[in-house]
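Each of the two complexes below includes subunit A, the first together with subunit B, the second together with subunit C.
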Partner chain A sequence: MFLQQLVNGLTLGSTYSLLALGFTLVLGLLNMLNIAHGDVFMFGAFLGLSFAMLGVPLYLALILAMAGAGIVTIIIERLCFRPLRKAHFLMPLLSTIAFGIVLQNVATQIWGSEPVRYPQATEITQFQLGPVLVSSIDIIILATSLVLMLGIDQFVKRTSFGRAMRATSEKPQTASLLGVNINWVIIFTFFVSGALAGVAGVLTALVYLQITPFIGIRQGLIGMVAMVIGGVGNLRGAMIGGLIIGIIEVMNDAYFTAGYRDIILFGLFLAFIVFKPEGLFGTKER
Partner chain B sequence: MSVYTQGVVALMGVNILMALSVYAIVMADQVSLGNAGFMAIGAYTSAYLSVKFGIPIFPSLIIGALAASFIGILIGIPILRLEGLYFVMGTFGFGEVVRSFFMNFEPTGGAYGFRGPVGATLPMIYGWVLAFMVFFWLLERSRLGRSLDALRDDAEVASSIGLNVTLLKLGVFWLGSFTAGIAGGLYAHYMFYIESGNFHILVSAMAILCVILGGMYTFWGALLGGVIFSILPEVLRFMGGWRLSVYGSVLVLMMIFRPSGIISRHMVRNAGEWVGGIFRKASS
Partner chain C sequence: MGRKTTTAIIVFFSVLLCTLAFHTASFAGPIAGKEIKIGGIFPITGHGANVGKREAIGTQAAVDVINAKGGVYGVPLKLFIEDTASNPQEGVNALRKLAGDHKVLAIVGPHYSSMGETTFPLGNRLRVIQIAVASSKPGLAAANRPYAFRNTLTEDKVAGGVIREFKKRYNIKKVAIMTDIKDAVSKSVGTQVLPPAFKAQGIEVITGDKPVTFQTNDTQFKAQITKLKAMNPDGIGLGALGPDALNIITEARRQGMKQPFMSTAPIMEGELPEKGGKAVEGTFAGAYWLMAVATGESQEFIKAYKKRWETMYTGPYTEKPDYYPVNAYDAVFMIVEGIKAMCVSNKPGELQMDRDKLMYFMAGLRDFKGVASRGFNCVGDGVKDVIVCEIKNARWEALR
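For the complex of A and B:
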């Protein structure tokens, strides 16, 4: 029973990790928060749904939703961040809240405000691994998240573009003087951030099978919680933070009252922000 | 006035109070994204007292706001140590905790919401708005107001000339949470019904937007922002289903083209001199 919950928690948590990763990429780079991130997640889920409805195979729908969500996030960068790069940090934050309202409204107009059922994308087969029952959906989610996380981790660490990203987040002016094209780094980072949210959206929708235009708000907040717990700006911290949140959520639902789940998660968030703002693995001073 | 117009005007009053509650904290150079949480505490407390114990509206509003500001002090002591984005995230986390709490708290109806408080009228709401405006007007002119200006310009300099920065910050946080508590109580007693969804993060965000776009350096900005953001959604009603998209886009564009707000202190002073000049001319 406990092991089973652990697997469920890891599966759910890995989607949170993807969200937190997107948050932390942008925050680490610009020191600004994209509140519309959760709504990009929702938009990605609906895009995936639309492609799946057209009969596109799952992996292709996933890639297309990724690209779509990434493009939406580039638009966010153009409208909410680039014109406000020198403004007070609150301006882009509020601007993204407004953009989130637009995304929710557009999704409501296109797909309706009633919960939409996701089509059964693949044959679900269950595997019995010792005491644990794992479905093929779980495996798809875990594998996709793991590949993406490892990919990004290695990309930022080893490639020259990754080095440019790290340099920009450290000292944008110096990086620019040394020949890094900051605008490209920022656009690329936003695209990756959005693409991750889009994937997370499709993967989450595969499990819960129902989506509405308003699911993004809570998911975005949870992604932020995971980011803070892992340590702001720390990629691996965000991944582990997401897994921790997923496990706490599933365990709470299994052994405690589901209604108090968000109080516990946001209470934890508050405790971290106040008493340990650098998070579990953070090294950046605030 | 039709019932519809009355509703819009009443909500405008509540929005102005919420904007003032954000402005109070902005005076100490901090921006709170959790004022909907204080609003919720004020709303639920005063509504519960009115409905369950038959306490009249005025004392129940005050008790509700005191409850909100008491929690404000409790949360303010740890959270005011944070700065910038971390303060925003911390207050935001607080707001969400409060909302989830009332979503699940059975004595006040949980997810079904709480029904019953009545009695807020338009004159009552605007009486409170006026009272707070006068208070902020006096505050801006007082010694305390000058201290807050100093704190806002440079906290280190302010503390080096002997101002108690921590106490000032805590004071404005108390004031902000009290104001939001009153706004919540009035809202509950005007709407007859409240649910946790009424105190969403977007409510906090709207209050900040009012202050920023109205102008961050004077409380008149909160008034103007509250008026604009209450009327704008109604003006856009002809857009039908796309209304919120247009509304959001207008906000995004406002940020790009007018990021420093509409009213500055300079403008208020000039306007004051202009009005004063007219009076002088008329009397001579």
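For the complex of A and C:
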């Protein structure tokens, strides 16, 4: 049973990693937390659902949901961050809280408050690999997450745009003097962050089977926990942080009681903030 | 005849005349005022919004039916609805507003047990009755006498009937229990209701007093199902709300578990049969009203509900009534019966006395004939007939 639970934990954790990655991208770049990130995740899940309902194949629904969630995040940047760059440092944070609540209620108006089910979610293939049962959905989730994570990691490390992102993150004024169009870098980073939340939303909904406008709240918080554990602003840290959280969550449910889960996760969150604020892999080290 | 005697006779007749005059007057119009105010506390927004809206429609539908027949002795009912936003703190504010600002005679609602846990004690302090329409955690009304009532059946009463049929159908000898530990009613089903109910019918509970646990609205149930599968029970008893039950059962089928599931009324919330497809077929639960088993009163309720739905919270999520709006609908008729039977005056100066009269009426109400309600027991919980149901052909069907 342990091996099976480990696989369960990795699948769950990989969606947390995608969320944490989105958080850390924006935070690392602007030193600003987008609290509405969890709600973008929810919105992405619903967009994916709507496309799937229209008969769009899964991979296309996934891409469209990514694009939609990315655009929502660009709106967040234009509305909640850009006009407030010179405002009190808490203002963007507060405005994203408001944006998140608006997004939840917009989703309630469109899709209702009761859980909505993903179509044909049960018709999946199972593979028995020794003692471990893996479903086609697990494989899709793990593969998509892995490809996206490695892709982003390499993009930021190796491309010139990635270099511009890193430069903007470290010294925005110098980067600007050197010809980096900071506004474009910011918009692009927000888009990627939102797209990651969107894809995480669709993938989670594939496991979860049904979604409500309120699923983003806890997921957003968990994404933040994963980011802090991995090290704020550290891309690889966010990925591993997400996996660790997924495994802890699953192992707790399997061997203890679900009531301890949030005590352990958020206790860990607190412990890291107080005793090891740089996380497991250090802050902003790219 | 002395002067004193004459005075006494005059006084006697004057008093008699006055009494008669008032008595006649009271027959002409026993209810004062232009309207009779009643309140409704429902989750109109937040995670319980859809079911809350259905309850509000059910309550308003009853008001419509009563007013169409001339109200109560010619005085129409007026319903004030307050939104709890699915948040117990807001429920407290809603109750204060209805009791204090709108000065309603009685209140239909709240919905959840967790809401009742905060509004019932306040209702006792404000001395106004609340008739909850979905709360079914055992002991909650008993702990909040005398103003708390629940026109629902507590889960312990539903469980016994369901387990008897479940055992017979699937030859169940040992079960595992999986339960929500966050939602008040599901937790009570999984930890307090099901274990003794299974044992009472000679079924072994493999999970003992440590059921497999999860939390409301969890995103996945892989860990729990992997654990359940390893235990290999004959069947699974669930303490869960409908939406979570759907995910749990589907995940069980994905991991290759074939065992049947059973639970009580809360899993019937949220279209489990329609959404679950093949995975949930053969699942057992219990209820006291089903659209499929509709009687004469039910037909009138369904008609009134549909008519009201056309102008109130119209949408796909409120179109079909379930048994919660039935409870709300019946609660309004109970209040009206109480107003008549207890000669509630509806005079502003007698508001507290009127509220108390309704409390005493509900406390003794045993022979009510509603759509799916027969009154209350001695601790304020509803008296209803249990219908054991099974999911067949993508819908709940009554077994008997």
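Quick note on the criterion: the second predicted complex is superposed on the first by the 279 of 286 C-alpha atoms of A that agree within 3 Å, B and C clash if a C-alpha of one lies under 4 Å from a C-alpha of the other, contacts with A are read in each partner's own complex, and residues count from 1 in each chain.
Everything below uses one rule, namely that a contact is a pair of C-beta atoms (placed from the backbone, for glycine too) under 8 Å apart; a residue touches a chain by one contact, two chains touch by 3 or more.
Because the structure is predicted, anything quoted here is derived from the model rather than measured.
On the superposed subunit A, the two partners subunit B and subunit C do not both fit; they clash. In the superposition on chain A, A:259 makes contact with both subunit B and subunit C.
Contacts of A:221 after superposition on the shared chain: subunit B is touched, whereas subunit C is not. Residue contacts after overlaying the shared chain place A:108 against subunit B and subunit C alike.
In the superposition on chain A, no contact is made by A:19 with either subunit B or subunit C. In the superposition on chain A, contact of A:87 is made with subunit B only, not with subunit C. In the superposition on chain A, A:126 contacts subunit C only, with no contact to subunit B. Once the two complexes are laid over each other on the shared chain, residue contacts for A:62 go to neither subunit B nor subunit C.
Of the two partner chains placed by superposition, only subunit C is touched by A:250; subunit B is not. Between subunit C and subunit B, the overlap after aligning on chain A sits in one stretch of 7-15, 115-123, 313-321 or 385-393, namely 115-123. Shared interface residues of subunit A (contacting subunit B in one complex, subunit C in the other): 105, 108, 257, 259, 262. Within the complex formed with subunit B, the residues of subunit A that make contact are 31-33, 79-80, 83-84, 87-95, 97-102, 104-106, 108-109, 217, 221, 224-225, 228, 257, 259-260, 262-263, 266-267, 269-270, 273-275, 277, 286. Against subunit A, the residues of subunit C that register as touching in their complex are 45-51, 181, 210, 213-215, 217-220, 222-224, 226-227, 230, 243, 246-247, 250-251, 253-256, 270-271, 275, 277-279, 315-317. If you check the complex, the residues on subunit B that touch subunit A are 31, 78-79, 81-86, 88-90, 93-94, 96-97, 100-101, 103-104, 110, 201-202, 205, 208-209, 212, 241-245, 247-249, 251-252, 255-256, 259. Touching subunit C in their complex are the following residues of subunit A: 1, 4-5, 8-9, 11-12, 105, 108, 112-115, 117, 121-122, 124, 126, 133, 135, 204, 207-210, 212, 214-215, 218-219, 249-251, 253-254, 257-259, 261-262.
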